[in-house]
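In order of appearance the chains are A, B, C, D, E and F, and numbering begins at 1 in each one.
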Amino acid sequence: MSRRLFKFHGGVKPAYNKESSNHEQIADAPLPAEFVIPLHQSIGGIPRPVVKAGEHVQKGQLIGGPDGSVSSAVHASTSGTVKAVEMRRMPHTSGLSALCVVIEPDGKDEWIGHAPVPWRTMSPGEVRNALRDAGVVGLGGAVFPSHLKVNPGKEGHLDTLVINGAECEPFITCDDMQMRERPDGIIKGAAILRDLTKARQVLIGVEDNKPEAIAAMRAAVERIGAERIDVVAVPTRYPAGGAKQLIRVLTGIEVPHGKRSTDYGVQCFNTGTAHAIYDALELGRPMISRIVTVAGNVERPRNYEVRFGTPMKDVVALCGPKPDTDRLIMGGPMMGFRMPGDEVPVVKATNCILVGSKVLFPPPPPEMPCIRCGECAKACPADLAPFEMYWFSRAKIFGKAQEYHLFDCIECGCCAYVCPSRIPLVDYYRFAKSEIWAREQEKEAADGARERYEFRLAREEREKQEKAARLAAKAAETKAKLAAAAVAGAEDDPKKALIAAAQARAEQQKTAAETKTNAE
Amino acid sequence: MSVYRDITYNSLWKQNPILGQVLGLCPTLAITTSFINSFSLGLATTFVMAMSNFAVSALRSFIPFEIRIPVFILIIAALVTVVDLAMNAWLHDIYLVLGIFIPLIVTNCIVLARVEAYAAKNPVLASTWDGAMMGIGLTLVLAVLGIVRELFGQGTLLSGIEMIIPGTEAIRLLPEDYPGFLVAVLPPGAFFVLGLLIAGRNWLDARANEKARQHLLQAQAHA
Amino acid sequence: MTSYLFIVLGAVLVNNVVLVRILGLCPFMGVSKKLETAVGMGAATTFVLTLGCGTSYVIDSWLLIPNDLEYLRTLAFIVTIAAIVQLTELVIQKTSPMLHQVLGIYLPLITTNCAVLGIPLLNISQKHNFVESLLFGFGSSIGFTLALVLFAGLRERLDGADIPKNFRGTAIGFITGGIMSLAFMGFAGLDKYK
Amino acid sequence: MSEDRVPDPLAPIEVPPPAEASVVRISSRTATILLLFTLTFTALMAATYFATKPAIEASARAEKMKLIGEVLPKSGYDNDLLADGVSLPPMPALGLDDVSTVYRARKDGTPVAMVVEAAAPDGYSGRIGLLLAIGADGRLLAMRVTDHRETPGLGDYIDPKKDKNKTSPWIGQFDRKGFEDINPEQWKVKKDGGMFDAHVGATISARAVTNASGRALAWAGERREKLFALPAAAKFEE
Amino acid sequence: MLNNSPYFRQPASVSSVMLRVLAALIPGIAVYVWFFGAAILIQILLASAAALAGEAAMLKIRGKPVLLFLADGSALVTAWLIALTFPPIGPWWLVVLATLIAIVVAKHLYGGLGQNPFNPAMVAFCVMIVAYPQLMSQWPAVGFTDFSAQLGAIFGERHLDAMVMATPLDTLRTALHTAEAKATVAGVFGSNAAFGNIGGKGWEWVAVAYLLGGLWLIQQRIITWHMPAAFLGTLALIAGIASTAGPDKLAGPLFHILTGGAMLGAFFIVTDPVSGATTPKGKLIFAAGIALLTWIIRVFGAYPDGIAFATLLMNICVPLIDMATQPPVFGHKNDGKEGGKP
Amino acid sequence: MFSALFVMALGAVILGAALGYAAVKFRVEGDPLVEKIDSILPQTQCGQCGFPGCRPYAEAIAKGEADINCCPPGGEEGIKKLADLLGREFKPLSGEHGVEKPKSVAVIDENVCIGCTLCLQACPVDAIVGAAKQMHTIVAAQCTGCELCIEPCPVDCIAMLPIAEAVDNWKWKYPVFDIAQRRAA
């Protein structure tokens, strides 16, 4: 039982605040008046809408077809009528809009026909397509299309498959409750993943502050008789749930930034994702809902099974938001994103709706200059030098910031959490990263423009030369003609011949000049 | 005529060798411990600059491109040697104080820079004027540095004047018991004062720019 | 042997060319904006200065002194150094294009570094023999490189600082140079043990 | 350098390709032009040199005489001091590790004083160079510091130019002192039990100068006769 | 405008850090007053007033929120350290001028708190010892605690002969390295009133009090052990080796760490987070470098205590030290070959 | 005097020959600096710098004939990079050449366009497609926003539209806390 665990550098121990929402069972959120289902809910290509306004759809019907392999399908969350396919505000800090399918439920909630997928007999490619079409994406937060991760790696088999049940962010208990109440689905999903990735072992990492979940999961493993699946309690320290950190804790392997974890023989899925994969393959159900924790400034914090597209305010209303509520946060207090309003829909990335207030999350005291105290470096789980990245990001010297491995930063927020100068460090990193990306794009565009410009110059040059050649040929022709005429005419009128000769000379000079100017 | 005005403005302010181009720093920092030192080296450099610009400009059509740098250096070095010998002969005390920095006028980048950037392309009179004005621009900064450092360091002005005009004496500007701020006359002081001078110039420039912008805005508002 | 060590250490630390002797300041201020270029400039200067000290010693004691031509020193030295710079460039270009890429752009700048003339002249005034001249030249150029590289490191960091507008760039560079020079004064007195 | 002009005698003779030929031509052209410039400007320098030579020599003499004049007034002697020197080998007793010259002043042919260089190796910041005028009677007539690196504003009062007390500078207390007045045991700073003052907080410099002057005086006193007797330009040997 | 994640933070602030540094200095100051009188308190007041005034003026000129930054307390730390490293009976303008140089030149010209590459207090110390070597080396004799005389020295006519005394470091160097060099370490110790049991009389106890304050800072996690340990360890090691090799001429390790500014430096000066190295390895190199240079300057150099110069010299090296000692980032340990497989 | 002339003459001959030789033998071809400068310029090809395109401007900078602050599309950012590359001091964008504008693309009002192909000929980067007498469109992804097509259009159907912010190209803003908050604390 006592497995050797490893440590990751840094990390913090914020107040967990999980007790409030993990007492009551997961409840189903009721149907809202309308669903606003964004098409772009995962990393990668934006799904194309395949329904039109006025069309009737059934629950689980495809409404957004995946665009290429790095993309994932989107389905109707209930049966009803498509009211519109239009731009709606996204659950995104920017508050910008994107294309959404708006569905008015008919209240019948009728499933479209679905059947288990015979994944055992299918080729890996077909399984991947099935997962993509079922819209299965990572529920741990990154919403990366899962079908791309179901991959045994270069060697044809994985060493360790990690199932991430750490749930290290304060307030969030959706994985905890799912593990307590629905462990069988998770274990079965893990077993499917084990077989698909040909993993030698499956380790389910759960932070040791969730003893009930651990017990339930272990019991489920026993009950199902799953082989090579082990539930491991890991020490509670934020961000133990970061994929890299959890892999490190469980296996000792550190997957560097920019490398695929399968190259190191490991892969990591969230517990919810494992469950969704079970649903998709064994039950044939596409992903249309997830468990969402509603916590923070509400009277009755609780977990709900929420269909995607449900406006957040409807979910929050179930829990009795307190009057001084001033914002909704999607995700936890360490990494969550502030929502532009409360009408934005729950999406696949919504593991938690954290209801905030000035009292609960007071505005940060004024930012002071960094005193290079090094606290942030001590706390950084990616072993970075946050203050150096900050120093150069703030001064917009992005090259230097990148030299300090800006892109290895997982934006966990530990550095900002400990900083005595209360610098919003992560904001600086986000700013720097998006500037660098924009710049790379600009650079690419500039390179393309240069190429096309040079191509155009070359083409113009060629055309000029061709024209010059044509003109020269024409001139030669005229000259010959005139000469012939002159010779012919000279016999009867020498004066005429002279004029003709002069004309020919002038013509010749003109064309020559033209040729020259054109060539220049 | 405006060519000469431009040269003058450029040399003394806009492209001032030290404040604008940040060249010719070594003598600027090393010998400006007193006004007299600064001023003498400034004049020596001015002489070399004017003469070398004159010589190069006059001879520019005979100098092949590929050996222009050696020829320039040759001309400058010859002129510097002339100055060196002359000061040794007739201003021996100052010669001893300025020491190695007289021969080093040769490598003072500003001399070569002016020769190459201006004298090699322009007529004799303008080139000579440019050399002289650049030299004076340099001398002015040297002099200011010398005055400030001498004043803070020793509380005097014109110390060492007896080397040039025997029998005269330095003027004491600060009271006798002023505890000289020694750092001012040591190398760090040179750096500090020059840094402050450059910042001061930046400030003046920024103010002028701001004024010009205000004018422009007002003009635009009127239009 | 130890006296040789003292010459080198003295030239590097106690009488650092840039910070104490105040020579070679234009490249010190001009080529110190990036660490990379500072290292390149330092390497190029080290090569030329060491070689220049050796050659100018030979020229001085074999050509000039025997013929009573000390007054030609300035000219002879600077011309020699210019030649060394040119030839170095030539040789490097031919033998190692790699090195040429690194040092190439700095070589022409060296002729107007007054340290390359100043150090040979100091060699003469301090009556160094041939080996001492070489070591003094080497030590001085290491001192130059050290100062330049450290300064460049500081400036790269200062690029990110919230420096008052009028002080940005050259002005704060001089203030920093001044504090560096002040710090090097701490070595004062160490050379009395020579 | 121009390899093509110095052919390797063992190499087979080749007809150079045309490009090489132009190299030779251009090389010789540039060489000629550079030569002309060099000759012109060297001539300029040489001319200046010869024109200024007498003045430079005169000012070097004047400088030396000025220094000597500070310790030995011109009125005290009538010979050509600089011509009446004896060269000394490196003399550790005087703190000198290089050759030096002792000049002798005479009035009407009789020796009146000699001017001796000395050095104190143990100043606060190293060597302090001294110039002493020692009378024919063995007294120290006057002393000056010729070069030093004592802390400005603290130890540099040993140089009367830097001494804040202009009316009676510190170094003046040595004027006309001899071992008759102060016995060698007491030729020290007061802090060490001697007779000479030193500025509080900067005894080291004073101590170094005092001790060095004592040693120099003792050395010169013992060899007085011999030093005056040697012919001009002779070499002194112990 | 509302902030982005993280939405809650550990309760820590710059001012609490700085205030605790000041608190840690108090035991040292108390012992200082016990042995050398209350003059030091006057100097601390002078320095603090100058620092606050200078800081406020510069903040105003630079258009920064004045009260917010004044409250951070860093200027007070600088001021106190200047006062504690300067002779307590120096004229009033000495410490005021020094503090202004520290705050205006060394701190605000570089952009203020957190941006200065050099330790402001040490810049001030170096400028002043170079500018006024005499004033900077007039240290009071032990037991001379007459407050009115001290006040006189600070504000009025300076009749110092009775109260000043060369400090142990100076006495030792003067006796051993500049004169005829007959004296020995033991001889000097025995004969001179400035010496106590190990270091300077009185000073050794001040040093012990600084040590206690410093240990408290480590316990408070404001400084890490790296720098004090590396500094004191290296200083003791070099002094130990040297004094074993030449016991007559070179003082031992205990003397070196208990004299001059060593203990104050180890815990309060070398540890300045802003101007010092930041990586764990870099901290060790930085502090050890200061120790080495301090010893060299103390024993062979022209200035009495080398800590200030050594600190500045190592400050110069900080960017390069930091660059060279960046710890490997996640996944790039073990040369990155195995992706950090243990 | 003669020894002086002789010694220096010797040096001159050797040096002159060597330099002449080197000058011919080792002439530097091509200028890598131009490439580096060109790669920093935004390739808008708008000519606002006073040169016919980015490359000519790059060449002028390399030769020292043009200042580094003449390219409005490159903006402060570009000037900073040039200053870094060339080791010069940063200076703000020179007003004579225009001001930094938000990046835009040209859009043709397809109802008005008469298909005259004049804009097509003006576009330096071939971002306009269409044939004679047919409606033209602009490939937004390829348009550099140089505005060169606006002038030639006889019916004024081309307009510049700033590139709209969308969720994918949205950038995190520079973190600034408002003064009120600072003052409050």
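What we mean here is this: a residue touches a chain if its C-beta (ideal position, glycine included) is under 8 Å from a C-beta of that chain, and two chains touch if they have at least 3 such contacts.
The structure displayed is predicted, hence computed values, not measured ones.
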Smallest number of contact steps required from chain D to reach chain E: 1
Set of chains adjacent to chain C and to chain D: B, E, F
Most remote chain, CA-based centroid, reference being chain C: A
Label of the chain whose CA centroid is most distant from the centroid of chain B: A
Centroid spacing, where centroids are CA-atom means, of chain B and chain D in whole angstrom: 32
Whole-Å gap between the CA centroids of chain A and chain C: 54
Centroid spacing, where centroids are CA-atom means, of chain B and chain C in whole angstrom: 22
Interchain centroid distance [CA atoms averaged], chain B/chain F, Å: 37
Chain F residues counted as touching two or more neighbouring chains: 4, 8, 11, 14-16, 18-20, 22-23, 175, 177, 182, 185
Residues of chain A touching at least two other chains: 363-366, 369, 424, 427, 430
Chain C: positions in contact with at least two other chains: 30, 71-72, 75, 79, 82-83, 87, 156-157, 161-162, 167, 170, 172, 175, 179, 182, 185, 188-189
Sites on chain D touched by chain B in the complex: 26, 29-30, 33-34, 37-38, 41-42, 44-45, 48-49, 52, 55-56, 59-60, 62-63, 152-153
Complex interface listing, chain C residues touching chain B: 19-26, 28-30, 71-75, 78-79, 82-83, 111-114, 116-118, 121-122, 125, 165-168, 170-175, 177-179, 181-182, 185
Parts of chain A lying in touch with chain E, wherever the complex brings them together: 6, 8-9, 12, 14-15, 93, 244, 248, 252-257, 259, 263-264, 326-327, 329, 331, 333-338, 354, 356, 361-366, 368-375, 377, 381-385, 387-388, 404-405, 408, 413, 416-422, 424, 426-427, 430
Chain F residues touching chain A - in the complex, by the definition given at the top: 38, 41-45, 53-54, 124-127, 141-142, 144, 165-167, 169-175, 177, 181-182, 185
Touch list for chain D against partner chain E, complex: 122, 124-125, 151, 153-154, 200-202, 204, 207-208, 211
